[in-house]
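So, here come the structures, one by one.
In the two complexes below, chain A is the common chain; its partner is chain B in one and chain C in the other.
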Partner chain A sequence: MAKITFKTSDGKTTTVEGTNGSVMELAVQNKIKGIDGDCGGVCSCATCHVHVNPDQWNVTGAPDELENDMLEFDENVSEYSRLSCQLKVSDALDGLVLTVAK
Partner chain B sequence: MKKSTLSDPFKEAREGKGFGEMNDQNDPVVMVLGHKDVRKCAHNWKTFQSGGEEVGRIVIPSEVHIRETRQIPFEVDPPEHKGYRDLLDPWFKRPLEDAYQAQLTDIINGVVDEALEKGSLEVVEEFSLKLQSRALTLLLNIPYEESELWISWGTHVFRSEDTALDADKANILYDYIDAQIDKAIANPGDDLYSVLLASEVHGKKMTKEEVKGVLVLTFAGGRDTVINAVTNSIAYFADHPASLQRLRDEPEIMNTAIEELIRYFSPLTQMGRVVTEDTQVCEHAVKAQSRISMCWAAANRDERVFENANEVVLDRKVNPHVAFGFGTHNCLGATHARQIMKVLLTTLTQKVKSMEILGCKENIEDLDEFERKVGFDSIQVKFNKL
Partner chain C sequence: MSATTKSQVCVVIGASHAGVNFAFNLRREGWEGQIILYDIDKEFPYHRPPLSKAYLTSDAGTEQSLLFPRENYETDQVTLKLGIAVENINRNDKAISLSDGAVQSYDKLIIATGARPFIPPIKGIDTAKNLFPMRTAEDAVNIRKAFNASGKKRVVVIGGGYIGLETAASLKKLGASVVVLEREERILARVTAPVMSEFFTKLHQNNDVDVITSKNVVSIEQNGHSNLVICDDDTKFEADLIVVGVGIRVNTELAAEAGLDIDNGIKVDETARTNDENIYAIGDCTYHYNPHYKCNIRLESVQNAVDQGKAAAKAICGEDVVYDTIPWFWSDQFDVKLQMVGLSNGFNDIVIRDEEADNSFSAWYFKDDELLAVDAVNFAKAYVLGTRFIKSGQKLDKSKLADLAIPFKPNSFLAE
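Let's look at the complex of A and B:
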């Protein structure tokens, strides 16, 4: 079980709980604004872009090469950017705070 | 080679110089081929613009001589682009709603049932065009019956047999949209025309010309592309019965299968941009006011990104394809297109045992340096019931 907090562009903060699947799927199930997950999680659409709380960068780790490539030319990219479809929900992510990029 | 195979004509150029050259109506295009270069150019909307003065120039073949209406938001650059896109995005995400998907399922069930009853049919005209037209009534939120007129136009709304672009034919569509806008003004409803006419962008009410620009984009952008995706899907599963069986047995791979087929098909080969300053692409100098294109079809076969790029790998997990474009101007109709694919593939697994290609005529695009098969002009297929 992991509690994950999303900060969205409308100024809202929402904390949701999940046990499996990807963070993108968890966000879509909970209708988190700005996370669309159009491609279903194959790293193609970049509609699940989040900024990881810098203090927790070690929790998520950095993106792999392909994910990094997709982020490289995305709008609003930061050094703490991840595609949330590539983050697997697990106990390790408990307490994670993500800011939705869109 | 199987009939459904779409080969990669760009390999040598992509891995060598990285670009290709095409002379489109004496307005040459430097075609960018590699995955990274394509994304880089799509991202750089200041140097490679969509919203220049010459409407229709970013389309290849160029529509400068057949169109005056600016397609919106497609031919508008940031920051103005955002106002239009923000208005349109929620409407074009409606395919995610349950009621929309239920209606789409009815439409696609109907088309597949017709095919099974007939046994054998020409898929482009009698299957894909019907499916595309009927599904479009949902996207516009207008009565189903309207699709009959669009089907009667045939597949070649923008071209005749001997020419890629035909102004008289294109005018049929533009005149039709004008008439529909006037109807919506006289009698507003909850269709896309009426909703746009009642909307404001940048604090100003949408003009008739702007509404027309959105509708021309919706009709033109979603026609050949969807028809190619649907037709190529039928051809692929006809040639690969084990893949259809696999989807039946493992419905959990549906999503990756859809993205993979879209990557492999790349129904839109390329999209152009106008260069705003002297610069370089792939270490090749390009001048201000010239054109480049981002070749989605070439980028989607880039072996540096996709292992076994010429194979359809239905459970490909990481698949950063650019078949719907990339960045600011990525495809507005992608949600609708993905739902069409999802419902189509699901329906095929439920109703169709196998399919057989009886004959076909390939649709080959002449890109000067390259010839690319994008689909079929016609393909006769026999459908066998499950």
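Let's look at the complex of A and C:
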């Protein structure tokens, strides 16, 4: 089980728990503002973009090539950008803090 | 926001991508009344794109790809009525009649009826064994079952569009011998340029799928436990399983019978509203104006279903909204990810940028200087940057775009 915290553009901080699936799915389930996952999690729509807390970048690791290509020219990209549909919920992510991209 | 009250009822016909996303967005926008979704499909609402892809090749089922988790329907008080058909819309009474005999009144009605597979009038098609379209979870289950039960696993796919080609690729991965029969001179003829048709023809051939074009299927005969698919030049193909993917028909009948304006789909304005102020239509079934391309269009896509649903939800809750998006699509076949953005209709020039990696390139469709659309094959950067250029209308230098020596960066291709 992992507790994951989302910071959203309306200034809210929400911590939720999950055991499986992707972080995008967990966010949709918990109605986290700004995470839509329109394509169903196949790395096609970039509507689940998050910024990883820099101190925890080693927890998530860097994106693979396709995900990186989706992010590189995104207007809101940062060094710590990930698409949350590509982050799998597991014990390893416990305590992760994500800021939802605009 | 206009006041919505708890006593109001919003009824949605169709619980797939458009209807379901609309419903949850309506709640998010502040609708306080009931939200009731009807669908003839008994399956809990699921993502359709994986049906022809991962769903065929894994045992996960649709439970792994629900549009929204089951509990969200409870927490957001979105009522699902599955396995029920809507028989008609009575606009005077603001009510719909249902196949179980009940009548449901509405304050706002959303038509998200989508489309159904077109089954061409081929002689013997009604009695063919193991012949299925690919649109619903049930179709995918039927295809899987028939495939698993078949010994020789000879598959004929009628129609070389995205649905047919994705299904062909998935069944090939499972060990089928697959023939794709396309009536036109090239596959994907209706939706893309010859360069893309050539690429996907080669991709399938390299994976041992037989792609045969200019083949018009005229009859299907039963041949013991299998079928014989017969073309107009009298060539014949044995098939244990036949998948039909020759396009769709839009489900406009309910709307038409209710006297709503129909023109290549249900006609809606920029807020997704029909000519009845209390009835909206969203998704594949609509014919709507696209402000960017300045023309009326009908789209068969997840993006349009979701985004038009979001626009309708905002409009009903009183927000000023104009549905104005650049359409995008995707397709997965074998190890190739195709991402498309924009509408290429009316292009008169095409620039190809061939990346160094195998099977990686992008096609940029122009009308004179205006970038209309981009197809990106295993190169998401072109898809993302293309989206940005289409939206901004920035003028591009086509020769730079085609020049691999110029690095792929946002400022590399701008015209001087």
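Operating definition for what follows: the second predicted complex is superposed on the first by the 102 of 102 C-alpha atoms of A that agree within 3 Å, B and C clash if a C-alpha of one lies under 4 Å from a C-alpha of the other, contacts with A are read in each partner's own complex, and residues count from 1 in each chain.
Everything below uses one rule, namely that contacts are C-beta pairs under 8 Å (C-beta built on N, C-alpha and C of every residue); 3 or more make two chains touch, one makes a residue touch a chain.
Note that this is a predicted model, so its numbers are computed, not measured.
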| item | value |
| --- | --- |
| Chain A as common anchor, with chain B and chain C clashing or fitting | clash |
| Which superposed partner A:Val16 touches (first chain B, second chain C, both, neither) | neither |
| First, second, both or neither for A:Leu66, with chain B first and chain C second | both |
| Chain B versus chain C as contact partner of A:Glu25, first or second or both or neither | second |
| First, second, both or neither for A:Gly40, with chain B first and chain C second | both |
| Clashing chain B stretch [against chain C; choices 168-176, 204-212 or 330-338] | 330-338 |
| Doubly contacted residues of chain A, that is, touched by chain B and again by chain C | 36, 38-40, 42-45, 66, 69-70, 72-75 |
| Sites on chain C touched by chain A in the complex | 21, 28, 47, 49-50, 65, 67-69, 71-72, 76, 302-303, 306, 328, 330, 332, 337, 339, 379-381, 383-385, 388, 410 |
| Chain A partner contacts - residues on chain B that touch it in the complex | 35-36, 39-40, 42-43, 93, 255-256, 258-259, 263, 305, 316-322, 324, 326-328, 330, 334-335, 338 |
| In the complex, chain A residues that touch chain C | 25, 28-29, 31, 36, 38-40, 42-46, 66, 69-70, 72-75 |
| Chain A to chain B touching residues, read off their complex | 36, 38-45, 66-67, 69-70, 72-75 |
